[in-house]
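Each structure below is given as structure tokens.
One chain, chain A, links the two complexes that follow: it is found with chain B in the first and with chain C in the second.
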Partner chain A sequence: MNNTSIIKTTGLSYHYSGGVQTLSDINLNVEKGSIYGFLGPNGSGKTTTLSLVLGLLKNQQGDIEIFGQHLHSARVDILKKIGSLVETPSLYGHLTAKENLEVYRVVYGASKAKVAEVLDIVSLADTGKKVVKKFSLGMKQRLSIALALLPNPELLILDEPSNGLDPAGIIELRELIKKLNKEYGMTILISSHLLGEVEKMVSHVGIIFKGKILFQGPLSALHLFQQKGSKLFIKTSDNTTAYGLLKEHHPERAEECLSVPFHNMAQVAAINRTLTTNNLDVFLLHPKENDLEQLFIDLTSAQS
Partner chain B sequence: MNLLISLRSEILKTKRTAAFYFTLVGAAVIPFTFLLNLLMDGIEDTRKDPLNSIFKLGAEMNGLVIFPMFVILICTLLPQIEYRNNTWKQVLTSPQSKANVFIAKFLNIHLLIVVFLVANLLFMSLTVVAAHFIDPTLNLLSHPLNGARIVVNTLNAYVTILGVCAIQFWIGLRFKNFIVPIAIGLALWLTGTLMVFEYKSSFANYFPYSFHVFSVYPKVKSGLNQVAWASAGYAALALIVGFLDFGTRRMNT
Partner chain C sequence: MKNFLSTHNRALKAEWLKLHHSGMLWFCLAAAAFIPAFHTFVSFFESVGDLSPESGNKMIKMDFEIFTNFFFPVFLVIVMVRLVYMEHRFDTWKLIETQPVSKAAIYFSKWEIAAIISFCCLLTLLVVAFLGGLILQYGRPALGFDQSNVDWGYALQALTRFWIASLCIISIQYCLTVLVKSFALPLSIGLVAIFAGSFAQALGYMNWWPYSATQITSDTYGGAPNGDFLLSHEKISLISSLLFIWLGYQLYRRRSIKKAFLSPIKNLAVAVAVIAVFAFAISVVNKPVILERYNATVIAGEIKSSTPVTQVLLLRSPMMDTILTIPVTTDRFHISTDKEIALGIYLVKAGSQVSRVFMGSKDSIYLSISFNEESPVVKVSGTRAAENDYLVNGKRMDMEILSRHADNVNPSDYADDLIEYHNDGIRMLETFKTSDRIKPANDFIRLRKKLFATQALALADGFYPKVYASYFPNQELEFPEEINSLRASVSINSPELISFPQYRRYVTSVLREKSGNNDSLYFAMMKDSLQDPYTRDVIMYEAALSSVIKIKDSILRNKMMAGILLNMQTQTAKTKLAEANGRANSLHSGKPAFDFTAEALNGKQIKKFDFVSKYVVVEFRLGGCEPCKKESIFFKSLADRYTSPQLAFVSLSLDEDKKSWHKEANLTKENKVMQLFSKDDRKWISEAYGLTKISKFVMIDPKGNIINPQLPNPSEPEFEMILQKEIPLQRFNDN
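Take a look at the complex of A and B:
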């Protein structure tokens, strides 16, 4: 993977007509060949950001560059190379799956064989003359993904694509995204409000909350951040003395116990030895590693 | 070329919609009424020129009521395809310029209008043939038919409705709720028609929702040339304003 930016936003800010600032200084950087998980709770500004990136909303402040071109000056050329799914499925209910793809086939310059291929990828090749309004939500979502794949895009933008999918469908989608990234070299930007849902497939993560980016970088950097957040909870016969003994570990007082940041289990054992050799009874020694989900909640709740 | 691609996309969306069936049904209303009349009461054979009279009467009934109502409804129904299916975001994230999307939608409406007018003439012709066989003594098919007059009347009906078509297209794009554009259109159509027949208002010469009357009502036909130009002017103005509005509005919400 090289470090060329596919999407680069600079100082992106946006407010809806009500005047409330929805996005503030968003500097998104999606690298070529990456799977970028764009995370945040509902209402944090994910869809607004993606709508700006796709040109659905008019940019008010800041700059958007995609494939090294400015969005406002090369909108059509850029959109030729993007497949997208924004929020709910966007399909014609009175048409069949094939007819829905046919509406956009020539617009994207795709071949008839490509229509059959993408229907096959999402397992909808056998829906025949059944019109889309009779599809389940999961089928509609899969057809929307097929539509996003129709242009054979260099960049795939999926906004909450697992909405409406059952657990098996979510796993299938995850495998499909990995395959598209690995075999076709597609750069994928996928938004979700569930970290656990995307952490198994993404290479990069951006966390947005209340319209501001809290974290952005490779997943490994988030893991490093996670390790720093692990804490050891200690309860002894004399917490005040324990607090003094562990001063170099920067302890914090919690209800009836202390919490000390730690990096590995050897450190936990050393702390235990320090306490017992100073004649303190240790009632509780609970190392709590911060999983990514907890970290996500901590990151977003700390700002609220 | 890109505009043709966008138009192809728009035509494909119309497949199996109410708009397409509505066009054919709307075009058949007057011919069907003629046929019913013929079966129930027969044809007055006192006219010197029965064949051209039938087409003239058909054009009058069509031009006054059915055709303007059809245009008002179709201009609302087509943009509604995107609202009803929540597909504006897909349209606007596809590699088409907004101008192409806007023009292709307008052209698609005109395709249906042309289908309506041609189908109407076809159904009228079939009615005449049916009349000939129902009452052979009339010998309808042996009478001369002024084809040029029929074409001119049809073109006049088309040109005088252009202004209303563009205005209704803009309103249809603007409102998510389809009742609003239809209500506005029908209210203005009724006002425009009454303005000519009831109030004999000279303002009708400038009111686009009155223009359809000029193509069929002999008493005001002298002003046809003026309102035809005015209709084209209103159409151009509504399209420009409509496009500026379309370009700046958030269509996907």
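Take a look at the complex of A and C:
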């Protein structure tokens, strides 16, 4: 067993009644101290995976280890150290923000000061006697995050936490997550269908599509992957001649232009020189970096 | 289990916190307080039910009974649906389940909250009923709350029983609400189950139905006849509550019926095994019990009375001869006897109170006699608890009704009716159980079966032939075979039935029919056909008594009595008969009764003349006279039973003090007896009606003539016989 793994699933598969396979062979590996971005479009199986990890769904096949313990044998001990928010906020509408927290404070045995602290963190300290059913969606979402923070967890699992948050809220949340990770050493598993949202804070990424993990690794590995995919697009007065001239760069034809794998700017200058010295007019010379978003689309569309 | 124990308290506390602002506790308070508060309020203006004495206990009892009969189960259904629907509505199950708490603790703590609310509700009702009494004490001292001690042990026992009865409703409803994630559906199912239960109860079915449990406890507020803390339906509630908690937990854990109980096969096996174990436990608890005879004959009991009682008498009906005299010390009595006591109905007389008890040798009987002038109550427990409960509460067929529907009915139809009534009676007898599942013993069932046969035969052989003869004068009456088989099952020589009036009526009707209504032949037949001397004497005694009343000619009557007395062996019968004849000799019937003038409770002037065209039975009495009070109770009970517009029961007070009469009469104003205060000169009225003793009872016919100037006391069976003889009324269904 990898000692630094907080969550480790092996061969996790799941199907809802009706027989449609929802997850197959999910091997999640969330390392201690990481912010793990769990990405995938809606309906790809993110929530199902997280529900399995939290024990909300009964595991059908495969194994789940959290903090080095098996979930099925040490559910209660594991849950003590996890704060979570799954899908839509689930809160008691007839209670105030503080009372909602109070219900779970007694369950976790957290201190009263902690309630005030988490309310403060999510900026809901001044809601007073207002009951939750009168809250906006964003407020409910923030309160749910406060609930997740209540037990002072070692692992925070947030399923689409920015749903319902305004842009400022999203930025605040991002800062908060970074802070929790940095200052408290909290391991965070955050799911999202918007890559841009998590790209700026995660250290690790897992990409799920149609119940299968397509990519999993540090963000740097993803960047490497991304770099490998960057291309230089070239359009000249005679693309066929240019194709012959640039043979050593392994060109590819693409509609009205050519593309060659991009390495660095010196490569661009060298190609430009080659083309002009051979009397070709260069109309376009555009290095295009394949960003994560594009990769995400590529990764997923490649399988669809 | 370790997780359950270590996390249960936290889960329970969290559940409790969720009740904030939910309105649940207010709902609980309002539901519980409504009935006692309303009762208190109304009692300021009107007496609701008969409260005094024991006002405190009665108020608590009445409020519990009203609430738990219908409102309480509805309340429980609503509470449970609301508790669970809260989680469905806010989609909070998943949040709860990501808490470090065992799932069993989550499930069970919610059930506990419902059980706590149920308990709080009952406790609130008890407290508000008690406080209502305290308030009434100042507002209406006449209700006597200050003199009434609340029996807290009794009240808390009732509370506990209601609570236990409520648990199964909670558990089933919980199970339903977990399964069906809506508000309206489980609520509707619960309400339908309650209504269905109410109907079934009214028809006497399904006394195990969980939704009726609180209603059954309400109907048996006094507890088990034989003193168990819980009745069997409460034990069933407790057991099935556990079963439904288990079933509900499986549903909660596995989310669907299929996954919880059907697949994989292991779950099905476990579910079947668990249900089988619980079903077995319930069937054991629900199984009727027949009590064994005791190793001695014991009669014991307690008396709650404002006036001291020194002895309890065991009397034999109909001659009221004393079988046992049991001394009473400090309101308790106990006797163990070797005396042979034939199985049958006896009368227990304590002070002025007489009640019936069925028993025999080797029975241990405990009698709780609590009485006041208004409503004496005798509770029989011990080895004959079920038999006596049957005699008081058992549903029986009123076969007498067939004596009113015989005109122009042909023999085979009439026989069919008789057999149907007979068989229904037997079915009800055989299925009878007390509220704590005790069945009457086989000796009792044998006796009652024979009685059913005698009742049917009395109609078939004694009554119907006359009707038949008038409608089909030239035809010979022929009954179908079934009637013959009834005839084979019982004979007039059944001395074991002598204590039952049905049997005595049967014997007399058969002999009367055989003798062709010839009196001397009738008595001769008794002498010849009845072998058992005591049976013979009893039948003769009753027949002779009715002759005493019937025969107006004193010479003829005295001659006949001399002959009958010669053939009798039982001394009591002889003495009683001679006394009755003596009274008859002093009769002056047929003469116009003197007119009297009196005042009714509403101040209206009444004269004897006002009763023209009615039969009038007049009681002459004096306030503060103890024997009068005793006889008044019997007089009242007869008035309650013989209701007819052609008959009036009048109590004419010869008191000097109108105020004290008014006060006393007011207490009994709900009686069927008309309370009057005499306005005539006391001396005149005493002479006019020959009042040599008080109280005295006189019967007047619709023409204003005296039928009987010296009726026996109403406590004597003779009184009722005269009433039945002289006044053509529907016969009251006795046993």
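Going forward, the second predicted complex is superposed on the first by the 301 of 304 C-alpha atoms of A that agree within 3 Å, B and C clash if a C-alpha of one lies under 4 Å from a C-alpha of the other, contacts with A are read in each partner's own complex, and residues count from 1 in each chain.
Criterion: a contact is a pair of C-beta atoms (placed from the backbone, for glycine too) under 8 Å apart; a residue touches a chain by one contact, two chains touch by 3 or more.
This structure is a prediction, so every number in the text was calculated from the model and none was measured.
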So, after the overlay on chain A, do chain B and chain C clash or fit? They clash
*asked:* Tell me the contact category for A:119 with respect to chain B and chain C: first, second, both or neither.
replied: neither
Is A:93 touching the first partner chain B, the second partner chain C, both, or neither of them?
both
Determine, under the contact definition given at the top, whether A:190 touches first (chain B), second (chain C), both, or neither.
neither
Is A:84 contacted by the first partner chain B, the second partner chain C, both or neither?
both
Both partners, chain B and chain C, contact chain A at residues 51, 54-56, 58, 76-77, 79-80, 82, 84, 86-88, 90-95, 99, 102-104, 106-108, 147, 151
The chain C residues in contact with chain A across the complex are 3, 7, 10-11, 13-14, 17-18, 20-22, 86, 89-95, 97-102, 254, 256
As the complex stands, chain B meets chain A at residues 5-6, 8-9, 12-13, 15-17, 81, 84-90, 92-97, 248, 250, 252
Chain B partner, complex, touching residues on chain A are 51, 54-58, 75-77, 79-80, 82, 84, 86-95, 99, 102-104, 106-108, 147, 151
Chain A contacts chain C in the complex at 17, 51, 54-56, 58, 76-80, 82, 84, 86-88, 90-95, 99, 102-104, 106-109, 131, 147, 151
